[in-house]
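Below are two complexes that have subunit A in common, paired first with subunit B and then with subunit C.
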Partner chain A sequence: MPSRQTIAVIAVIVIIVAGIAAYLAVTSHKPTPTATTPQTPTATKTPQAKLELTGNLKEDLLRVAKVLTSNGIHTVKFTVWGAGDPNSVMRTLGIVEAAHRLNKILEENGVDLKIVVEQRFERGGGNELFKEFLAAYEQKANPDIMANSYIHLAALASQGLLLDLTPYAEKYTGLLNDFYPALLDAVKWHGKIYAIPQDTEARPLYWRKDVAQCIYRKTGINILKDLAERVKEGKVTWSTVYHYAELAKKTGCAEWGMIHRKGTAHPDLIQFIYAFGGRLYDPKTGKLVLDVPAVYKWLSVEYAFARAGLTPKNMMSWDWAKQIHPTVVDGKTLVFIGGTWHWTEWQTKPYYTDPKTGKKRPLTPEEVAKYFYYTLFPAGEEGGKPVTLSQPFVWYVAANAGKDNPKYQQLSDAYHALAFLLLVKASDPDINAIHSIISSHLPVRRAAAKLLRDKAWIEKLAKLQLDLAPEVKKAIAPIVKATVNPINIEFLANVSSYLEYTHLTPKHPYYGKLASIFADAVDKVLRGEMTPAKAVKYIIAQVKADPDLAKSVEIVGKIPENWKFPTS
Partner chain B sequence: MGAERLRSFLTSRRGHLAFFLAPALTLITIFYLVPLILSIYISLTPLKYWQLNRYLTDLSHPLENYYRLFYLVTHHPDIGKVVITTIVFTGLTLVVNVVGGLLLALATYLMEERFSLFYRTLWLLPRMTPIAVYSLLWYYFFHGSRFGILNSILLSLGVIHKPVWWGVDEKLLPWGAWMILVYVNGLVGVSFGMIIFYSALRSIPREQVMAARVDGATTTQLIRYVLIPSIKWHIVFVTVWELLSLLTTYAHIFLLVEWGLIDKWWGTTWALFVFNTAFTAQALDQGLAAAAATVLVAIGLVLGLITLKIMGFKELMIEPRGEL
Partner chain C sequence: MNPLQRLRARRREREEPLIDVETIPRRRLTIVLAIAVGLASLPMLITYILLILTSFSNTAGMLTISDLAHYVPTIQPWIDFLEGKVEPTAGHLYTTMEILGIILNTLIVAAGVSIVVVLTSTMAGYAFSRIRFRGRKALMQLVMILHAFPGVALIIAVYALYVWSLAALPPSAWNTYAFIYVILSRASLEIPMSIWLMKGFFDKIPWEVEWAAIVDGASRIRVWREIVLPLVKPGIAALSIFAFLAGWEDFIYVWVFLKPRDIYTLATFIEEQVRNLETAYFPVVAAAGTLYLIPTIIFFITTQHLLLETYAGGMKA
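Then we have the complex of A and B:
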């Protein structure tokens, strides 16, 4: 009898659920947090002022060590997790090296304390590691330190899983001031510092030199003449890029004018919002911003490029390995909105079809330098400024850092301070510069950027004649051999200057949702399913459909009337 | 006294029933009922970012997730596509799986055993292949560039003159995306029906088939009047089973959408929407996902019961009337 069965099943479920609810209601003595908005940092753990640091690393280390050794602790264990491409091993080894250096100081001062670091490095992006961290925290199986993208900062801090480093970091102003200012913003949330920058990248606009030369031969127009300077001064805007792209296509010098990423909108394409003078976050209200005029202008650029056949209509569905990269490295486009990491990716992956053999192979560093010119991401329109966008990786310290050590409840302050000192040491300019060179990331501090121009030091690195922990030396030896190349280091040194122009995407827990809506809209305008105006309305409708998102997003401005792209 | 009672219970008809049903009931409780109850319970809490200690005991706004879900369904510009896709995908794939499974079973039943075994194994391959590998295979088959296998075949035959983006092309949507979904999932699902129907057909007494043949029945008549009526209950079972499986399937679809082979909204089913809401790093909203999953369970329950009613499940459960 189906109807009776249904009633029985529903009744059983309702009774059980009600039972559990009643049980929980009766037994839960402690007040439950009702934070439904993630903006409240109330749950984050603030270190008590018992162990104040001075800003002198050696002095601080010895003070912390004294507290620990007087309590009978002679070994402190920390775990560090990190993720990234195979060459980014210093994200975890940097902490191992820092422990090695701190242990040396302790030894030299006759202190019987040893810091042991257990590291785990995963290949791939940080999203999986972030999810694993969340789940592990519940079981107290999380690492003490984690290298991951700064985009998770708001989510982690809002859930109280991160140690507030502000009281410690404030003492180390020398170190803080050496970081690029935008990167320091990346580690702050609600005015507090929750992480230390580890590495970053920038997003140059790549221009094919051979396509530009072809245009010059056929039309006499020299696109590349002082291009980097003209972009920097804001004289080249996206309308200029459009005209150049048109030339490339009309002259038959390239099949496409502009190629960009597939799939998600952030962060390569988000640069358009900043290039059009828009913003994504309001620090005063703590809300995300949907800057209607800037988003409309961005979508208008995509729409115009796709309608003129300068960008593929199906760009968002292209295959990275089979279409996007081959199109770029084989010179079938004038410009490519890429990232600094592509410079070396083209040297390691076989995207290029050798015209002599007809076989696929990676480009050599010399070929990459021969084919590619790079500039900042141009201003959206006249009067605007060029931009770039970075997504730094940072080192987080868990709110329960040191939990695996004895007398944790009693000595948590000392363990927390020690974890912070590890990060300070791991930020040593040479550690940061080594990571930059071998992984093609940009240094996060100016002192490390300086080292990239220090030929003597680079020579020492190439021969591995640096004073490093044996474990670290052994692990990076093959990567150093394959990556330390003057062409690549020069590229890194040049694009490091872009960090003065860099922007970051907001560290808001709902930013990911908003970016995902942008991606949908870009796809729709490229395919011609929607006009830019309709797509903006679509974005607004999607934002409003999610009550949480609607509460967190401020919609500002209107679609500019009579504004057209290209503007000139 | 207690032991006496237990013995009399175990020797009674109810005792026998309890004894034999206990293993199955235990499994159902552990693997179905408990997760279901947990899911319903989680839907009443604001659980997110997997922070169980923080949110799991918070029942201060038990209907909040259902309100959010209702709001989403009534305001989101693309959620309607998800609902329609779920209905079309489930309906079409169900037909492919049941009818296809039946045709394959009949074909393999009627052919010689040595060919039959090879043929059946062949159809099991999609089910045996790891999901990622299998999906990748179809990703390259249907890919919209000239590297896509289907495109390169059609281009070389001169059927099309430029590559077609089967799953995302505006002119082909939504059917382009749906066809890929149905095709890929249908190939996986069809083997289930085939195995059940084939073994059911094999259990029909040979005499019945031979008698029909002797009486001059053609193959079509044999299928229509002897074979299909004999496996009616298997058809009911496979239909209901596949219906419920299809409502909750998402693995292949997830990969095809993630890789950009099919349109994000015309390719997302409700089950995938639940998965994305709970597990993608951008969302991690387990409370809302649990609410959406609970709605799916309720719909599955109702649809299952309706299907059983339409297909005459009651008749199956009637005590046999004995030998005629």
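Then we have the complex of A and C:
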């Protein structure tokens, strides 16, 4: 039996070996995004000038094809990953369709080259896909193209994992100019373009028409009269919303005045910061901004609503399917801070209790249109502007795009250019519009938004008479059947105009941490555990206590002592 | 004793059964314990029942007890799951073949881990039990220390080794290699404890049984295979079940090594479906979850006696 000393020595040796292994593993790998601060993109793969594009898709494609075929390459394989709700499959199928269209051009021009796309679409948000991309990159198993949220751009670009698309994209100014300007900002980092916008969304404020009518019957106040216009003009502020919510509660027309999403669904509430004229990011310093006056005003709104019983005190811990959505679709609240995707989610999930049968079922499109009115997110106070918030999805090209093809080292420029051309084709207005309609996202291009008003084209889509790749047609057939109807398309066409008012959350790697602290503070304020002033101090303390945030967050302004949320 | 007295005595016996100072309190204790264990298990039992019921419903979220009043059973979520539809109104994210492939992948990892663990542990356990060699005790203690390391703590080193070793293989072999790597690395986490378990079983077999065979001229390996192994079948069975379930239930290793290669197991499939709780469609997730539970339930119900035997006497120092 070895002595205790022997065992201790063995244990120490094992720990040291494990420590060395861990150290080597960490130092030989790129840092994870949570430990990354934005750097200059020196490590990022920049395309060489060998294969300069012209901006003419057909010409560029044939030029790239010539380089490849002259080197004996006749099949090029690309992989694409994407994530989202199950109806967002065009995030990956869009690339499949683009390959189909490029192959057609090649065939028509007698070029013996075929682009094959393998796609993988996952259910869920982009955060997990982002982590999978990082893990896969180390294993050389990463996709060539990835559809993911723009918020990962800084983290990926700073680690050199993305292809700098600037030299290619600069040639396609026509395409770039057709994207909504805010979305183009989303794909830039340190002045360079690292992605192409794929889809976006807006966050309307939903108003129950039946509750508003009930208020009108009982008080004679018609709150919906020109409401959308009044919100647009900044005449309706959050103080007005409070007043209307109070009416809904006092008249017994609704149980609640305002319901919002919870937990990590920060972007909806972050709109308050912009609505109160605040900001979250300073492009000059590259730092996040804690705008104290705006955050204080936001928390004051939450505090006032909860104290008056207009918003549940435990809102941040409500259950999605059992409480939040049923409360909204059953008309137990006047307003709901939601997203464009909820319009169709209420048509596909059994949140609604049918008063005739007592059974749960989804709403029909007609019912959704009958019950819901929508506006921009109103200005925080008089003189302010209405806002909305988008978190666009974008297509990234990996720095090693085309790696699974022959002679990669020699022909990497051609493979990279081809990957970019796939994105250009996948941005065709009809592909973008199809995705928008079947997934209830907003188009990223004005040309695609125009298609939403084109009845003849929509009719063709409904009947699937469009010229699409058979694989794509088959995959989207059941979704098209369930989602393509005039009511939903009209909604999308209307809310597309919101993109002119949109704001983005920062692409900063630590934004998620800051947003979690905000969510925590909102919960405390709603529950009455903290006043808005104490909650702001709590946020400041949390930011200072976190070494990463302490370095990355600029605290600006002071609590406006004389300001009070006008509740009457 | 007259007949009347005998009759009265019998009646007394019937009314007041023989009191055993040991058994009566034990019986009461057993009843109390059974009630306590039953009550403690109730929440978990209800959770499993609700999971299974959710898989046969079209509710928007997970079923709760209050939903049972309006419960309408339907087999649709199972059909959707097996057809690769993660939501009734959505398109097919998977084909039926891909779903079957996911189940098969889970089985391959589980069976692979089980085979590797049983093979290595029966051999190493026998060696520790029967063969005296230099450093035996130190090695046994080292094996126990290895067991103390959680899989998560080792994953950085395991991952680094994996990435470095990939360079030595052609890309066409990477998927197969990932499978083998997961099986070996997951098995290596189970092996230390399994060696000790098997050593305990081997220790219980009298040395004379083997001795007789060796005297008759059998080799050590033949003795191990033909004489000793049949005597520790319950241990092997228990071990293979434990190892199978460890492989079946593993999430982290399959997520790190298989998922990036687009190879799913049930664990990673379910994780993907519940990733976004706001929009997750629970009946289909519950169907996958119920399927995921089946082997565990079957094994624990059918092999309770093996587990008890393992816990009671499987380990001896």
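Here is the rule we use: the second predicted complex is superposed on the first by the 530 of 568 C-alpha atoms of A that agree within 3 Å, B and C clash if a C-alpha of one lies under 4 Å from a C-alpha of the other, contacts with A are read in each partner's own complex, and residues count from 1 in each chain.
One rule holds in what follows: a residue touches a chain if its C-beta (ideal position, glycine included) is under 8 Å from a C-beta of that chain, and two chains touch if they have at least 3 such contacts.
Please read these numbers as outputs of a predicted model, since none were measured by experiment.
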Contacts of A:V116 with subunit B and subunit C, given as first, second, both or neither: neither
First, second, both or neither for A:E138, with subunit B first and subunit C second: both
Which of subunit B and subunit C A:F130 touches, first, second, both or neither: first
Which of subunit B and subunit C A:K322 touches, first, second, both or neither: both
Partner chain(s) touched by A:A545 [first = subunit B, second = subunit C, both, neither]: first
Partner chain(s) touched by A:A515 [first = subunit B, second = subunit C, both, neither]: first
First, second, both or neither for A:I221, with subunit B first and subunit C second: neither
Subunit B versus subunit C as contact partner of A:G528, first or second or both or neither: first
Subunit A positions touched by subunit B in one structure and by subunit C in the second: 2, 6, 21, 24-25, 28, 135, 138, 319, 322
In the complex with subunit A, residue positions of subunit C that touch it: 58-61, 64, 70, 72, 85-93, 137-138, 141-142, 145-146, 149, 153-154, 156-157, 159-160, 162-163, 166, 171, 174, 256-257, 259-262, 272-273, 275-279, 281-282
Partner subunit A, residues of subunit B touching it in the complex: 36-37, 40-41, 44, 46, 49-55, 57-62, 64, 67-68, 71-72, 75-79, 143-145, 147, 165, 168-170, 260-261, 264-265, 279, 281-284, 301, 305, 308-309, 313
Residues of subunit A defined as touching subunit C within the complex: 1-2, 6-7, 10-11, 14, 18, 21-22, 24-26, 28-29, 85-87, 89, 120-125, 128, 132, 135-136, 138-142, 261, 265, 319-322, 325, 345, 348-351, 358-360, 362, 404, 475-479, 482
Residues of subunit A that touch subunit B when the two form their complex: 2, 5-6, 9, 13, 16-17, 20-21, 24-25, 28, 32-34, 36, 43, 127, 130-131, 134-135, 137-138, 152, 155, 159-160, 262-263, 314, 316-319, 322-323, 512-513, 515-516, 520, 523, 527-529, 538, 541-542, 544-548
